[in-house]
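Below is one structure. I have some questions about it.
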Amino acid sequence: MEKQLRELAEYVQGEVVGDGQVVISSVAGIEEAMAGAITFLSNPKYRDKLPLTRASAVIVAQDVDAPGLNLLKVANPYFAFARIMKLFEQKFHPPIGIHPTAVIGDGAAIGEGCRIGAHVTIGHHVNIGARTIIHPGVVLGDYVTVGADTLIYPNVSVLQEAQIGDRVILHSGTVIGSDGFGFAPMNGEYAKIPQIGTVVIEDDVEIGANVTIDRAALGQTHIKKGVKIDNLVQIGHNVVIGEHSIIVAQVGISGSTKLGRHVTLAGQVGVVGHIEIGDDVTVAAQSGIPKSVPEKSVVAGSPAVDQTLWKKSQIALHKLPDALKTIRALERRIRALEEQLSALPADESAS
Amino acid sequence: MEKQLRELAEYVQGEVVGDGQVVISSVAGIEEAMAGAITFLSNPKYRDKLPLTRASAVIVAQDVDAPGLNLLKVANPYFAFARIMKLFEQKFHPPIGIHPTAVIGDGAAIGEGCRIGAHVTIGHHVNIGARTIIHPGVVLGDYVTVGADTLIYPNVSVLQEAQIGDRVILHSGTVIGSDGFGFAPMNGEYAKIPQIGTVVIEDDVEIGANVTIDRAALGQTHIKKGVKIDNLVQIGHNVVIGEHSIIVAQVGISGSTKLGRHVTLAGQVGVVGHIEIGDDVTVAAQSGIPKSVPEKSVVAGSPAVDQTLWKKSQIALHKLPDALKTIRALERRIRALEEQLSALPADESAS
Amino acid sequence: MEKQLRELAEYVQGEVVGDGQVVISSVAGIEEAMAGAITFLSNPKYRDKLPLTRASAVIVAQDVDAPGLNLLKVANPYFAFARIMKLFEQKFHPPIGIHPTAVIGDGAAIGEGCRIGAHVTIGHHVNIGARTIIHPGVVLGDYVTVGADTLIYPNVSVLQEAQIGDRVILHSGTVIGSDGFGFAPMNGEYAKIPQIGTVVIEDDVEIGANVTIDRAALGQTHIKKGVKIDNLVQIGHNVVIGEHSIIVAQVGISGSTKLGRHVTLAGQVGVVGHIEIGDDVTVAAQSGIPKSVPEKSVVAGSPAVDQTLWKKSQIALHKLPDALKTIRALERRIRALEEQLSALPADESAS
């Protein structure tokens, strides 16, 4: 695709400084960009890279000047760039229709404009909304429902009865609806508790690659509207994640825990089961959450505490080896003082 | 399926208080249950939810009374409920037989009553026991053996020569028999050590979704009878896990480590290679195990220590910033005392 | 395969002590080996197992003697054994050619001697080098390139435009080229930043099972020559990993971080985004890296510090509960001293 810079300026409601007729055919980072590419400058600390760029145009904030370069001035350069990236994004999806190797179950209903790739298996009574895209190797179990404009990448497994909303993205290798980890100890062995609930994933959720989301024992595991989940995350049975929460890579959330809205769990966080994490909570990377966390808290550590306290404790920890030596030295000095004092003439020290 | 309450009572050897002829057609949690459902009350702290339930019957312990509700009294309400759940569980498996799109290798032997789904690939000389179920997209390598009544969910990969027992469950996306991580440093590069051993998974093991179990360099990686492994767990080459151990989500066990019987590793635990963890050891979530652990220990932390010590240390840690201030104050007070004492008349302090 | 011991000696340039004509048909560990097998002794602490072995021959270092056993003496027994293992390794790959169920896109070019398994899906304009092996269930997106002599195990997903080098190994379930985790907050929701970059994996890289490597937002995520990555690792968008680095299982590396050459990240390490880790850095298991690390550092802990300091702090931590008691006791003794001193006759203490 080719666009003139002035066309892009119109698209993102920005202002051209320089040649508005220069032709843009790609997007790139400020260092990698070649002639024909548009790039952007968002973080002021990269401003000294601006004169060196070979890009044909640069998206910048209103206060940036760079004589000799074609600039596209906007309020939010990163956001404008993201919109322009989307224009130039190439689509790599299966064609509209059902690939002849796909296997479709009895009673399945597939919406208009869907794209079903090679070697896909769709179970009985599956319902798929319009324009949804299913890449090769995906398996949808019986009675699964998938909304409209949803995108499922290769080798995803969605087990029976799971419900996936509109405009959801599931990345490759992800598993939705595996059995929850539920066993009852019995005579030194473990008896399986049947997991007969389901998983509900609401609209506008994005789930990374090789994620696992278990079905509920009873009822539902529930991922609410707009939640974004990164790769290799584990979500236990009956977990609820509130709207627009962010779950970074390799987080694990144990069974029956409930997260509020706008929660952020950074990478590799672990959360025990059966607790509640309030709205707007932020948890630092690698933290372990052993009990419920009130709304708006910012916590860190394993077990997690208030992040400010945690930072102080971590700094103090590495002073501890020296402090232990100091304590022993103080003890010696006190003993010396005690001996000196007890050696004072009795009548005086008793006075 | 529909059952009268008295039939269910007979099935779990319980006693009906109320209407034994009420018809039960589903199972549900105490809050979600509607008319027609049976639910249960196990944890006494939920007892105040009992009068509010809309369930047609509630499974309770012997000492619970609730006038106006149909009760099913048993010794262990949760266990009775799990058995009844299983009655109502719907099966979503491929039909008996081999799907026409499945590819079956030369010399493969598939037992009676097996169900092989769409797009399954079964290698040469594979042996599968009776009534085993293999969902779509599964790949079994050459010379794999799978026992009877085993259940393999979509998109699982079992590599060559792995041996899977009877009544095993492998959840979606799991990989059995990938190469162990073995390299010999050579001139600043790494030469691959061939991994020519295998994996043996005994009877009644359940393995979660997107788990990875590496084949042995030589000999076998060995998961013994009744072990339960949660999602996203990593098991290195030549690891041995003893009978009826529990490995929670996102645990990693490095090569050649041996776990005893009835070990529990909580979520996100990491274990180094070449150590032994004794029978009945419990390891708290996110712990790191750097050396062998004697049987019956309960450990926590990274590096892990006795859990009681670990808890004390964690509480103490957050008192440390204040303690460091106290130490500095004590130092000042001791210096003041030392100066005061040295200022005493020489003949007295020397007496 | 069968070889005489003297043939193996010639192959690894070693010297036979004992019967050079004994026939070797397998390789095994020193305890598991039966007649017909060759084994090895590398670690001196296992030397007492030598007289008990049932192996037909043992590879040993030059200084080892064992009367009555057939020995193969070499400079490096482990390395010689690894080479002999490779001789005896059986290959379990699809036959040369393209399986009739594989789906091949328009304009795809598949090199000589390739082996493409059942139910493989290869996109449009994919380019695959000679002798590359692709196991069943693999999906390669449009415009993917794969080098020569590369090995891709079952159910791997390689998304559009990713570039895979020569002699690369990708284990089962791994995902190359999933979208990076990039969102712009907007009015309390998150807008997706298109991820239009790619992934480049250079020659001689090995990547474990169920790994996820995200494509760049712009530009490339770049895994350089000879890197070895273990199972269940997460690599964020725009990450660069330098030559011959080792990334152990369950590590997570956040977006735009750059690792130097010969870096080792032990198991379950987490690394924040946008930092640099210098050449030859070693990071201990479960550490968290919050900021750039200079070359040759050895660090541990979360947040990571110099490993020696970390070890001292960990030992000190568990002395802290007692130290806090000591501090309180010292405080009491100082108070007593202060009271004693202040009770001294005024004219003397003021002298």
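Going in written order, the chains are labelled A, B and C, and every chain counts its residues from 1.
The working rule: contacts are C-beta pairs under 8 Å (C-beta built on N, C-alpha and C of every residue); 3 or more make two chains touch, one makes a residue touch a chain.
Because the structure is a prediction, the values reported are computed rather than measured.
S.K.: Between copies chain A and chain C, what's the superposition rotation on C-alpha atoms, in steps of 5 degrees?
M.R.: Result for this pair is 120 degrees.
S.K.: Determine whether chain B and chain C, two copies of the same sequence, contact each other through the same residue numbers or different ones, counting it as same when over half of the numbers at the interface appear on both sides.
M.R.: Counting shared over all numbers used gives less than one half: different.
S.K.: Please compute the C-alpha centroid of chain B, do the same for chain C, then give the distance between them in whole Å.
M.R.: Each chain's C-alpha centroid was found; their separation is 24 Å.
S.K.: Would you pick out the residues of chain A that each touch at least 2 other chains?
M.R.: Within chain A, residues 101, 119, 137, 155, 173, 210, 232, 250, 268, 286, 317, 320, 323, 327, 330, 334, 337, 341, 344, 348 contact more than one other chain.
S.K.: Can you name the residues of chain C that touch chain B in the complex?
M.R.: Answer in residue numbers: 27-29, 32, 78-79, 82, 85-86, 88-90, 92, 99, 101, 117-119, 135-137, 153-155, 169, 171-173, 204, 206, 208-210, 226, 228, 230-232, 244, 246, 248-250, 262, 267-268, 285-286, 302, 314, 317-318, 320-321, 323-324, 327, 330-331, 334, 337-338, 341, 344, 348-349, 351.
S.K.: Enumerate the contact residues on chain A facing chain B in the complex.
M.R.: Residue positions touching the partner: 101, 103, 119, 121, 123, 137, 139, 141-143, 155, 157, 159-161, 173-175, 178-179, 181, 183-184, 186, 188-194, 196, 210-212, 214, 218-219, 232, 234, 236, 250, 252, 254, 268, 270, 272, 286, 288, 302-303, 305, 309, 312-313, 315-317, 319-320, 323, 326-327, 330, 333-334, 337, 340-341, 343-345, 348.
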